[in-house]
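Same chain, two partners: subunit A is paired with subunit B first, then with subunit C.
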Partner chain A sequence: MILKMAFRNIFRHKRRTALTALMMIGGYVLLSFSLAFVDGSYGDMISLFTSQTTGHAQIHNDKFINSESIHDSIKSWDKIKEDLKNNSEVVSFSPRLKNGALAFSHKKTFAVEMWGIDWASEPKVTTIKQRLALGSWPSTNGENQVLIGSKISEVLGLKVGDEIVLISQGADGSIANDIFFVKGIFEKEEQGVDDYRVYTDLASAQMFYSTSHIHEVAIKLASIYNAKKFSTHFKVEEGLIIRPWQEVEKDFFKAMEIDKKGNTISYSIIMFVVALGVLNTVLMSILERTKELGVLKAIGTTPGSLSLMIILESQILAMMSLIIGSIIATLLNSYFSKHGISFSEPMTYGGMTISAMYARITLNSYLRPAVIVLVSTLFVSIFPAIRAARISPLDAMREV
Partner chain B sequence: MKLLLFTLFLLSPNLYAVTLNELLDKVDKLYRSDKSYSDVQMEITTPNWKRTLSMDIWTKGLDYTFVVIKKPRKDKGISTLKRKSEMWNFFPKINKIMKIPPSMMMSSWMGSDFTNDDLVKENTLRDDYNGVLTPVKKGDTLYHAILTPKKNAISVWGRIELEINKKDLYPVRQIFYDEKGIMIRTISFTDIKKSGNRLIPMTMILTPHTKEKDGHKTIIRYIKLDFNAKISDSLFTRRNLQKRR
Partner chain C sequence: MSETIFQIEGINRTFGDDPETLVHALADINLSIKRGEFSALVGPSGSGKSTLLNIMSGLDVPTSGEVILNGKHINSMTGKELSHFRRDHIGFIFQSYNLIPVLSVKENIEYIMVLQGKSEQERAERVSEVLKSVGIEGKENRLPSQLSGGQQQRVAVARAIAADPDIILADEPTANLDSKTGAALIEMMQNLNDDLGKTFIFSTHDQKIMDKAKRLVTLEDGRIQNEEVRS
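What follows is the complex of A and B.
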């Protein structure tokens, strides 16, 4: 009975209903659209960022994370390799040996990071191959071929084909020293990740450092959103640790989280404006109907049913707005998820170049605004509902 | 009588000092002679690895030293030259001579627990340290000496304790302390053998006591020692250092 009346009330004043609905639809679409964009641009940034060097998850010796010592290594690489191969969620993975070295050339010295990587598997995990600017990607192992960062080539004055001497401490305490051959140079970027790195193949690096171990395994998963779950489920042996990118790149992740928090403030403002609009229309509709409500009360409607009616009215209206709103939002989001908004000038952030922003359709970008709209509508309709319930039938009917 | 006492007073510390200086000089020149050659094995143990180096060492007095690593194969030909207070390493693989800067004197020599400074030995115990010889009690087999650096001497140690065998006057143990009085390392000398006309401890064991060097140990074994080697002076030149072997 109350429900029926609520429905009738909604459809009687079409213009007023349309106005309120418009308010709600507008608010919903705006929220959903901006959320989709935020998710989209963050998603892009994350995948760009992780594809540089991090990958989606990494395995280390748990001591290596703090010590970065050559001795805190992964000794059971063969076993881990099998486990990763047999895991259906893993798309690709790459072993790495990491340590520091001193580079010499033309009587100059420069401290570098030395990475022993697998020429074949590394490009399947990261975008390293695309970043190579000069020279070519090597394919043979154990021949001391290296790819160097642009900073190193600049400081030491190295060109493709030149020799570079590297000195470091070997894992057996010996003085690691050898001549390497520059096969390629990475592109020059603002804060480029490769700037201070020398990449060689795993066999050459292991020979150089007199070790048979590795220090890091970078893993690429079918979906980056499974990184946390994968890391908790994938079993590594005692002394080793597997971490998702959120932990490996803690600083980056935290900066993003803070940025996201900042965004919630702007959503709150949008929602506040929408809520005020809804409050306004609901309140108006009650004032308009003072007489009717008075009559209803006079014929014996309880104050409870009366407030329920008002609340139901606004909730039904909100629901309908959501349905229309989500259709519009889907159209809008799916368009922008394909075409995006391109920047007139590409933006660099942490060594990544972002040239366009794309929307991304996630459940989050629908559900969250929907809940927000429903709850805020409920909230603002309570006040008019109470007001309606308190109406004295005599005073109400006396009004025009 | 007065004169006699005065003479005694003048003489006694001198007599004392001569004996201590003699001892210190002996330790300083333990493995040295006018010209010496030795075949040495160095065994380095750390918690993470263990390796043995085999090398030839030539010396001329206290000022010149030349070391060439023979084994393992990976390090073959790596050599060190010391001339007075300067020191260079040569790496044949990369054909590079690297001078050891003064700041690196206390760092490890070829990954061992010996420092570059141990090799250079710019300081001699006799010239750069003041010593106090603890009075010898009856039945003691050892002399104990506590050495502190002289005021104008540049030393890396705050104090050195020396134990010397009374009978043969060869060192048994040398304990090194830093300026704060913390024990840094011990060198023990064992395996005394007659080499030429003198008794020499053929094994030297260095044990560091610092926390970061926990589990480290370096043992030097003299396989061959020749104190009357015929060596040309050109051996101790940079040109010779860079020769590929």
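What follows is the complex of A and C.
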């Protein structure tokens, strides 16, 4: 009966109920839309970021993470390769050998990061091929060919086709030095990822460093959102470690999470305005019904039941608003997940260029606003509910 | 008339804190009500009739004295206990009907029984019984706003008697009705008293009720001035 009364009370003042529902719907849609855009734009940023070099997950010798030593390598590459090939989650993967070297050309030297990569598989994991500005992508059998960052080209005055001498120390302690040919130069950008890197084919790098091992395997998955789950379930032998991008790029992930938390302030403001509106409506309805509440109490309704009725009224209204709100939010989010919002000028964030923002429909963009609306409505209806419970039937019935 | 169901002992009710402006609404009231009474509290405005009814129902608390219903002291009850006390023992009829506007006639009548946790079948049987007693059969699905004043007050009477309370307290029940409708309502309540043995206590100015009452308690300045028992 209390539920029935609560439901019917909502429709006593249709216009006021409609206005309150509109506020709730508006708040919900705004929150859902904002979250869908946040999820979408962060999703795009993560995709961009991970596709530069990181991939969705990486395998290392667990000592290599801190030491970055040539000796802390992956020795069982063949087995890992087979396991990755047989895993349905994995789209592509690429082995890497990583070490430092000194580049020499035109009587100048420059400290570089030397990466031995597989010319065929690396472009399937990262966007390395798209970043090439000058020259061409090396042929799979092209040995001692290198791709260099724009900074190296600038400092050493290198052009496509020039020779570059690389000097380092081999895994066996020997002096490693060899002549390489510049096959391509990466695009120049502010804090570009390739600025200080020299890429060569894996076999040439292994020969250069006198090793048959690798240091890193970058993995691309069918869905970036499964990176953590995949990393937990994919088994690697002892001494090796598999980490999702969130761990590999801890700083980027943390910065993104902090940025996301910053959005909480704007969500709180939206909900504060909605909550004030709801509080106003509930208080008004209590004030108007003081006499009726007094009668209900006089004829035997307990204070708890009166409170429950008031809370139910606002919760039912909130739930009805959420149903309508989620339909509107779905339409809006679906449209913007396909068409997005294009920027008049591309935006740069952490060295990545973004030209449009897209919404992304996630459970989070529906559930979180729903919980926020329901909880804040519950919160603001507690005070009027207590007020209703404390009403003196005698005083209330004297009200005209 | 048999057992005493209501006992009021030495009730005083004052309003205000300042001794100079203190209002003695009730002073040293002693009254016992027996089951099956059809009594009226009469007196001029401000004589304390409504205050006495409010104290009897537990809606107001006396400054001193005791109100005992079926051996239970209601002054010391908590808010929840008072709610249950009113639900189970008191039926109310108010001057301005005070039906719940969002509930239909049937729902208004069965409301207290729902609070008491009675079964749907028990409620349905009782509702049809009381609807017949108060003469508003066929209107059970209407909302109070779709009824006349007289019909609304009949629903209020039906609500008051539906849960079979020990006593029905009626505060000026005919004040908002025209004389014809008021007379019909009084006759109906008298029939309920005669046929079903319901106990009615009225606070009234209505001469027709005074004429029908089997006991008249006259209050003046918060004191009982006279008690007249009629055969």
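In this section, the second predicted complex is superposed on the first by the 397 of 400 C-alpha atoms of A that agree within 3 Å, B and C clash if a C-alpha of one lies under 4 Å from a C-alpha of the other, contacts with A are read in each partner's own complex, and residues count from 1 in each chain.
Everything below uses one rule, namely that a residue touches a chain if its C-beta (ideal position, glycine included) is under 8 Å from a C-beta of that chain, and two chains touch if they have at least 3 such contacts.
Keep in mind the model is a prediction, meaning the values are calculated, not measured.
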(request) Consider subunit A as the common anchor and indicate whether subunit B and subunit C clash or fit when overlaid. (result) fit
(message) Contacts for A:Lys297 in the overlay, against subunit B (first) and subunit C (second): which applies, first, second, both or neither?
(response) second
(message) After superposing on the shared chain, does subunit C or subunit B touch more subunit A residues?
(response) C
(message) Once both structures sit on chain A, report the angle subunit B, subunit A, subunit C from C-alpha centres, rounded to the nearest 10 degrees.
(response) 140
(request) Would you sort A:Leu308 into first (subunit B), second (subunit C), both or neither based on which partner it touches? (result) neither
(message) In the overlaid three-chain picture, which partner chain does A:Asn9 touch, first (subunit B) or second (subunit C), both, or neither?
(response) second
(request) Could you say whether A:Leu394 touches subunit B, subunit C, both of them, or neither, answering first, second, both or neither? (result) second
(request) For A:Ile241, decide between first (touching subunit B), second (touching subunit C), both and neither. (result) neither
(request) Using the touch definition from the top, say if A:Met1 reaches subunit B (first), subunit C (second), both or neither. (result) second
(message) According to the stated criteria, A:His71 is in contact with first (subunit B), second (subunit C), both, or neither; which is it?
(response) first
(message) Please give the nearest C-alpha separation between subunit B and subunit C in the three-chain superposition, to the whole Å.
(response) 81
(message) Applying the document's contact rule, which stretches of subunit B touch subunit A when the two form their complex?
(response) 44, 46, 48-49, 51, 72, 74-75, 78, 89, 91, 93-94, 96, 110-112
(request) Quick one: which bits of subunit A touch subunit B in the complex? Just the residue numbers, please. (result) 71, 104, 165, 167, 169-175, 177-179, 210
(request) Show which residues of subunit C lie in contact with subunit A when the two form their complex. (result) 54, 57, 59-60, 79-80, 83-84, 86-88, 92, 94, 98, 100-103, 107, 111-112, 114-115, 159
(message) Applying the document's contact rule, which stretches of subunit A touch subunit C when the two form their complex?
(response) 1, 4-5, 8-9, 12, 291-292, 295-305, 393-394, 397
